[in-house]
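Several structures are given next for inspection.
Next come two complexes built around subunit A: one with subunit B, the other with subunit C.
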Partner chain A sequence: MSQAFLIALIAHMLFGLAGIVAFTSFLLLLSRQEWNDDRLRRYAGIGFVALIVAWVSGGYYYTTYYGKSVKPIIIEGTYPWAHQVIMEAKEHAFLFLPFLALVLWIVAWQAGKAFEENEKLRKAVILLTVVTMIIGSAMALGGLVISGSVEKRSLQPTVRSYGECVNAGYPVMLSYPSACRIPDGKIFIQPVQ
Partner chain B sequence: MEWYTLLKFAHILGTVLGVGATTLAEIFTIKFAKSDDLSPTEHYILQTCYSVIRWGLALLIFSGFGYLIIWRLNMAGPELFFNSRFIAKITIVGILLFFTLLMNLKMIRMELGSAIAITSWYMAMFLGIWRSLQWSYLVFIAFYVSALIVIYFLLDYLRKRPARERT
Partner chain C sequence: MEHQTSVMQSVAASATVTIIFIVAITIAAELVPPLKDWLKATFTHHWIGKGVLAVGLFTSIAVLKLFYAKKDDWDQVAKLLNWLTVTTILGAGAILLFFIWEAFWRK
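Up next, the complex of A and B:
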């Protein structure tokens, strides 16, 4: 994995988590009877920016690296459903998050004192925040399952014969008949004509 | 310092703060239950404990995510990610977060919330320390639920005890 993909993956995970934490703080503040408008705006702003960074970095990683390098490993591994079900669902549900976060930020920015006077508005925003947090948490859990399905052994080329072992670049022993050994200790003997 | 060492330090520190402050908060709550109302000092002490718990929780979660990133980059795979002890730990931390949120939103009784908090913190620590333990997921959860029931009634007894002594 190149440095850019590495940074994109780490940013996706950390900023996604930061977004959820920011909106949790937003929800707690909003649910109190005495709240601070500036802090509400700040938390919603941090949440929105964090989810945008998670969205862009995750999107970049997904479109340029995941499909050709990670997806085949998962599909050939023990848990192919991690891609077929979870990633397929995640890539669609994931699209909602920045827009929900943007709505919350705009409302936090515009409403201000209106939250104190309009109980209906406050409850609607609380509900929208809870929905955003549920989707965000589901994304994090999905990411956990997908990450767990990436198996190291799947990266090794499938070797079934001496020829395939040599072609894969594994060490060949100086013996007669010659033998080739793969990392798990299995030895393939060169067929003698 | 290596990333892994730094994360381990943060994870242990988070657990120490969380378990310690939750225990102290519970001890103080039981002690303060002797009087009907909390004095400003008692209120301040409990708020300080809750603040330490929040910092511990934040450290625990961010360092836990750091671990996940390192595992993912090393392609640790199902052996670590789908291990029954790890899934049980994630479930228990999830329950802790969910009920902490409900407690903050005043949507559950404090007695139940604090029993869940203290059981979850100790269980998460227990699972983190006892790495060789290889029970099935359901056994871990059954153990957790049993411990929760015992702790709930134990705390309830300890809280009511001074009231009974007064009468």
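Up next, the complex of A and C:
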């Protein structure tokens, strides 16, 4: 895996977790009888921005690397359902999160004192936050299942040529002819026409 | 205060419709391959296509709904947020069940 894909994957995980933590803080604050408008806005804002970054970085990793290099390994492995069910559900339900986070941020920004005065509003926001956190946590757990279902012994056969090595995102050496290296040290030389 | 509840009502209603749209296009793209192919051809990847269309729909409906929002109605905001919560639960459940069906029972 190239460094760009690795950074994207790590950013996806870390910012996703940051979003869940921010909305957990938001929920705890909202559940109290004495709350602080500025902190509510700050936590919801951090949660929204974190989930957007997780969305973009996860999307980049998923659309450029996962489909070509990870999905075939899972499908051919012992647990194909990890992609067919978990990843498919995760990637699509993940599309919900930025919209839910944006709604929560806007409500946190604009409701202010209305949380104190309107119990229905406060309960509705608490419920929506809980559902957002549950979906976010399910995404994180799904990611763990998907990572665990990638079998290392199947990694080798998927890269059998220079082209497959480049497509898989492994580092390409600046030489002539160009060469691509997989993690176990094996090098594939670019065929010269 | 009128402006404040209008914005909240519009984004809550728009997010509800957007989530229904995401569920519908997700299932439709699996059942109708030409739709998935069109998303891939137009947006380079079906997932990017769904995301771009969802953002476009969310923005359009939020702007339209601004003109029809009930003024200064906090109970209406709470009601729309509850609809969003219910839609999210049902939508996530529908997507999960669909992919379970597709993986284990679809022929």
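To be clear about the criterion, the second predicted complex is superposed on the first by the 157 of 193 C-alpha atoms of A that agree within 3 Å, B and C clash if a C-alpha of one lies under 4 Å from a C-alpha of the other, contacts with A are read in each partner's own complex, and residues count from 1 in each chain.
Criterion: a contact is a pair of C-beta atoms (placed from the backbone, for glycine too) under 8 Å apart; a residue touches a chain by one contact, two chains touch by 3 or more.
What you see is a predicted model; the values in this text were computed from it and never measured.
In this superposed model built on subunit A, subunit B and subunit C occupy separate space and fit side by side.
More residues of subunit A are touched by C (comparison of subunit B with subunit C). When both complexes are overlaid on chain A, the residue A:S161 reaches neither subunit B nor subunit C. In the superposed model, A:S69 lies in contact with neither subunit B nor subunit C.
Within the superposed three-chain model, A:I135 lies in touch with subunit C and out of touch with subunit B [touch as defined at top]. Look at A:L95: by the touch rule set out above, it reaches subunit C but stays clear of subunit B. Contacts of A:N36 after superposition: neither subunit B nor subunit C is touched.
Of the two partner chains, subunit C is the only one that A:V125 touches; subunit B does not reach it.
When the two complexes are overlaid on their common chain A, residue A:T78 makes contact with subunit B while staying clear of subunit C.
By the touch criterion stated above, A:A114 is placed in contact with subunit C alone, subunit B being left untouched. Shortest separation of subunit B and subunit C in the overlay equals 19 Å (C-alpha atoms, whole Å). By the touch rule above, subunit C contacts subunit A in their complex via residues 4-5, 7-8, 11-12, 15, 18-19, 22-23, 26, 44-45, 47-48, 50-51, 54, 58, 74-75, 77-79, 81-82, 84-85, 88-89, 91-92, 95-96, 99-100, 102-104.
Within the complex formed with subunit A, the subunit B residues making contact are 58, 61-62, 65, 68-69, 71-78, 80-82, 90, 101, 104-105. On subunit A, the positions that touch subunit C within their shared complex are 55, 59, 62-63, 67, 80-81, 84-85, 88-89, 91-93, 95-96, 99-100, 102-103, 106-107, 110-111, 114, 117-118, 120-121, 123-125, 127-128, 131-132, 135, 138. Considering their complex, residues 1, 6, 9-10, 13-14, 17, 21, 24, 27-28, 31, 77-79, 144-145, 147-153, 155 of subunit A touch subunit B.
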